[in-house]
């Protein structure tokens, strides 16, 4: 039942764009609504399936009919359902948002195409989550990856978008090929396409480790674990914002799902799996947030934060895998629940943040933090939603980010307490690293909130303006509400998390034990006390003489918006501190005389993997390949010579004995 | 915990903290050869501010007022997590050390946001510095807390600093010692004391915390001052308990001893502020990284 | 019989060298033609006793390789009143040296292969290889399209020589098919050469290098 | 009667040559294709009574390939009338009849049970495709045709020598020499190994030239670049597959002689080398039709790799033969449409094809995804099978190289394809009146559908045929 419901959801969502194409002639607005309605209906169906499965009603089904891989199995268990939840919710939110953000009336050429690819990408994700058969998994995976490529390159007339799309496509392909190897090896080792847990001892440890390494690479590429994150920032910057939200919110999570699923299939996990995942997670989290801090483009910044959050999730998963390898099931359940909850949470708040940023971008036409400012006055609701998202993503109480980070921390601390030797060092350094990440994220989002919404507009075109339209506000409000709800009542999700962890660990008794009530109390106290105090202050201020004046600028009487501290200046101390990793490229004017002339300061931080490694390597390879071309300069004589040389060479290496 | 204990644990953290500020000011005055203001001057200041009117910049929004409110509330909640002496804390659950750090983080987030809301270059500068330095202080604190977690096997601040604390010192004195020093540095940094920040300076360019709240006035400003005092109280309590792991008598006596230690810490801070100059801002990160390394070394010592 | 055959094959080898050494286009074509005639003769000498089938085949070979195809090529040179010289990439002396090397190599290679007893002392297999290699040299070192056709012809001649050992194995139809294919190939190449000349007013393959990387 | 599969197209060829109407003549091509489909269906239906002539007959491989050729040719032929109508200024008598001869000869290759006959047929396809390549009659197409003819003929000459060597190997083994496959297989264990080995090498290089394995592939970019898309599709889908069949015949001899290891290692090397060369030359390839030629080189490499690995790899290679052929059909025909609409095949001058030709552009893009093994296209299934076979044989290094080269090729091909398809339509699109038409698009869409079907659902009899054919590679009869 639940699997069928989810399949129906996938079908509806996938078909949404095509349905809209069919009714295109009745007018762009109607087509928009048809697509959104189809997605909404599909999402409801998928959500229902998810809730059903989380409540213990998961099931599976088999399709037989001469497919290349034999009988195709699909199923929905708690683990899949937990991932299905944010996929369905965010898809619906983004589709609603698109009604106002990317209407067909304003984008007659792009919108119909985007709707098709958007629906297919989301439908592909659901198929991946449902797949219990490796070929189905790969098919869903690739549908998702390729449709996402088309969604990213919606505005393909822009060269930057094309480049980013191509980078994404190539990375997606590399990831698919890793998975191809993974599932081929799985097939060779088990003789089956079915994704069911392997019996202990059925497959040699070396093969299992190879499977895990392939999964880590292939899924890590999709999830954006450093150093495989390089495609993420350009792709997120290039895509229409609601697509970025979907990409960042759920698509990269499907990579996480893959790692969890594959790890759950392999019976004998040595500790190094978890250790490597943990180490990768720490590196991703720290570098992700450090690079985010140095960005000037709000969408690139949010994309780097996805790298950071994937790192946090990976830290949780790594801790869970370590605990699983050492038999600490309680700890494993705790860390895993943290990671899984962070998956859900990140989908909610990252979706919210992207949608909020999109509203600002649509209103102002710029993504540059240094050009924005003071938008809270024109768009107070958007600003409020964005602040909720920011507080969530930084992991602060009373919102949901705190809950999942709390669980990850708890798992990590338990691993640290139980560990000794090298593992203690690893866990011992991971915890403060996580704290550093938290601090940096705080700085970063203070910077974003401050430079986008607070202060006064840095550009005259941004004064005035209006709040985002309802179809855009409603999804944001919904997501913000969800963030708050999980922050206040995390215990409501505990059974679901327990069930999902039990599936992922293959250990039904691995239940989540965490002081979720206390967290709830802290959250409620924070909210209540703030409300009380705010109320008191308000009453007091009503009575007090309230004077409005200029911002105090130490006596300077005519402050202008350009005198505000910019986002780049705000981040400068931290960028300088981390310059050993960020390697900022700075062009500063030389100030020679007492009255120097005009000067311009410019600084940028480029991606270390993409711009310092991959691009130069690709260029070098292309140049080398260019030299190779000299062999093919049109001379038929040379070509004939090659034939003969091949003949002689092959004859020479062939055995000629009787 | 009885109801009276709870009332006790609520009232003391609410009433005591401004006194620490008074003690610090008095200590500094004495060392400088002055008499200084009365010990209760901070209380008078708060009351005076609460009565005053408010001037608000036209560029600000609701965020500007959220800063003081959230800052005070989070400081109070954080203080509730720290036990007064060997007594249990008001709020205690496994993992509450994370809540402690993150609650203070929430306060910081809104303080910074409120500073940025004014659109002033000076307040932006202060916010930027605050964000950067607290970021770097975070790992140092966590290394130190991790040492405690590892040694005690407990996950709440209340139990870590509970009756078993002397035993922990016996097992891991070097690590705990390093952690204590490092926590003291964190305390100075987080509460904007010398050598990180000079609370008494009049030059906005060199300020950190003070410049962030330049535009606040009246009751909101009182909330800010009060909040920072409570924050100092919470950190001081943590440090005091860690540095003096003795088990003294009943709850009342224990609390009294703890408050006494807090005053000692206040004096200590006063001494530090009197004998040290403020660091160059560019050097501040080095000091914080040094503190991190110190407590990281404490973690290293626990290998095996 | 073996000696007569060897004698003919010596002639074939000699023609290889002449072809490599000559500087004149028409001469090269004529040498290839002579080779074709010798091949027809060789076929008859080697297997003539087996019946009319071989006789017919020999006649067809002489006709095609010795007369028809060379005529096509000669007509091509006549129609295209181009410079008659062969323009080699590798000089004539060097070509001869390479030819000698190739012949030596052929001898070595055929020694290394286990020949049938009746072929051990004979020239058939080495001569075949040597002619194939000569064809290769002409193909790769001569500039003009037409000389390349001559090289291809020589290559086919070499293969034909090897076929002398297998007359029983190769059905008549296939032999005829092979010859027919050769004829059509040269015919088509001739047509293409005609078009090349019309397009470029030259038969040098230097003009044929616009398609490149 | 396998012979009819050859005779029927020849009959159509004669008819096409005879009739005068240049407007009617192109329609003979789909007619011949449809007839062939019927004949093949009859032939496959009456399997088991396959005792025909000893020289021409359909073994499993033959059945597979003739059926495949019939489908491919029918769809390409269905495209032809529309294309030739656009090229009404060119006489099409030669083109149509030669194309039918070409098709007949391909069928002859697939059904020949005699090495000599097969050689004659391969050479005949070479000669027949010359006029097809030269259809455009410009200096560039002369050059391409010349190179194709010369290199192809030289290569095939080597294959003839290889055929002779194998015959000699029988003589040397003391057996009555015969070139009939059944005889050769029966006597294979007694063949003289040195002759067999060098014969195989010669045949591999010879037919490999025809197939376009690197480094003998050099004619391919020129020929495919200058040929009409229609001809490119038939060459890349049909002819190369037939050359592959010719190599398979020699491989079968080695397998029958229980001596296929050396052959496998040669195939392995050539396969990887072809993929590598293709990858290297696709980088910064600015001519999208030449790019397709390198893609063909790559896939020929994959085919021989599959055979080299053996086991499931043979199955995968045979399946890939079909997938590659149909995908190549999609790519060449849609590239032909794009070429027609923009009047250029350089990526610097062609962009925004998706906007100018929504159908052809989309098909070109889809063909790119199909040829690069994107699930759920059939190419994915075959590549998956080949990779599994590599892993099963524990050839880790080969598998890693295979995957790396697939990425490399994807990068090279993707950058060119996307440059053509995406972006603002270039100014050149306005210089020609050509736009999408039903006749020019439907056959391509059907071809794409076939590749998709092969990835989603393979009928059981077809799987059985593939298995049977793969089995004859390991143990020929």
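Note that the chains are named A, B, C and D in the order they appear, and that numbering of residues resets to 1 at the start of each chain.
Here is the rule we use: a contact is a pair of C-beta atoms (placed from the backbone, for glycine too) under 8 Å apart; a residue touches a chain by one contact, two chains touch by 3 or more.
All of these numbers come straight from a predicted model, not from anything done at the bench.
The set of chains touching chain A and also touching chain C is given as D. Two chain pairs are in question, A-D and A-B; the one with more C-beta pairs in contact is A-B.
Each chain gets one centre point, the mean of its Cα atoms, and the points for chain B and chain C are 98 Å apart.
Distance between chain B and chain D, defined via averaged C-alpha coordinates, is recorded as 77 Å. In this assembly, the C-alpha centroid of chain A lies 43 Å from the C-alpha centroid of chain D.
Averaged C-alpha coordinates give centres for chain A and chain B that are 35 Å from one another.
Counting partners per residue, chain C has 112-114, 139, 148, 205, 208-211, 213 as the residues that reach two or more other chains.
Residue positions of chain A touching 2 or more other chains, listed in rising order: 629, 632, 634, 636, 640, 656, 658. Residue positions 143, 146-147, 150, 154, 192, 194, 198, 221-222, 281 of chain D each touch two or more of the other chains.
Because contacts link the chains in a way that matches no line, ring, star or complete pattern, their graph is best described as other. All chain pairs that touch, listed by label, are A-B, A-C, A-D, C-D. The touching residues of chain C, when paired with chain D in their complex, are 112-116, 132, 139, 145, 148, 152, 155-156, 158-159, 162-163, 165-166, 168-171, 173-174, 177-178, 180-181, 184-185, 188-189, 192-193, 195-196, 199-200, 205, 207-211, 213. Only residues 629, 632-637, 640-641, 644, 656, 658 of chain A touch chain C when the two sit together in their complex. If you check the complex, the residues on chain C that touch chain A are 89, 112-114, 136, 139-141, 143, 148, 205, 208-213.
Per the touch definition, chain B reaches chain A in the complex via residues 50, 52-61, 63, 65-66, 68-70, 72-74, 76-77, 91, 93-96, 98-99, 101-103, 105-106, 108-109, 112-113, 116-125, 127-129, 131-132, 134-143, 146, 149-150, 153, 155, 204, 214-215, 218-220, 223, 281, 285, 292, 296, 299-300, 302-304. Touching chain D in their complex are the following residues of chain A: 65-68, 109, 135, 138-139, 141-143, 146, 153, 156-157, 159, 162, 165-166, 169-170, 173-174, 176-178, 180-181, 183-185, 187-188, 618, 621-622, 625-626, 628-629, 632, 634, 636, 638-640, 642-643, 645-647, 650-651, 653-658.
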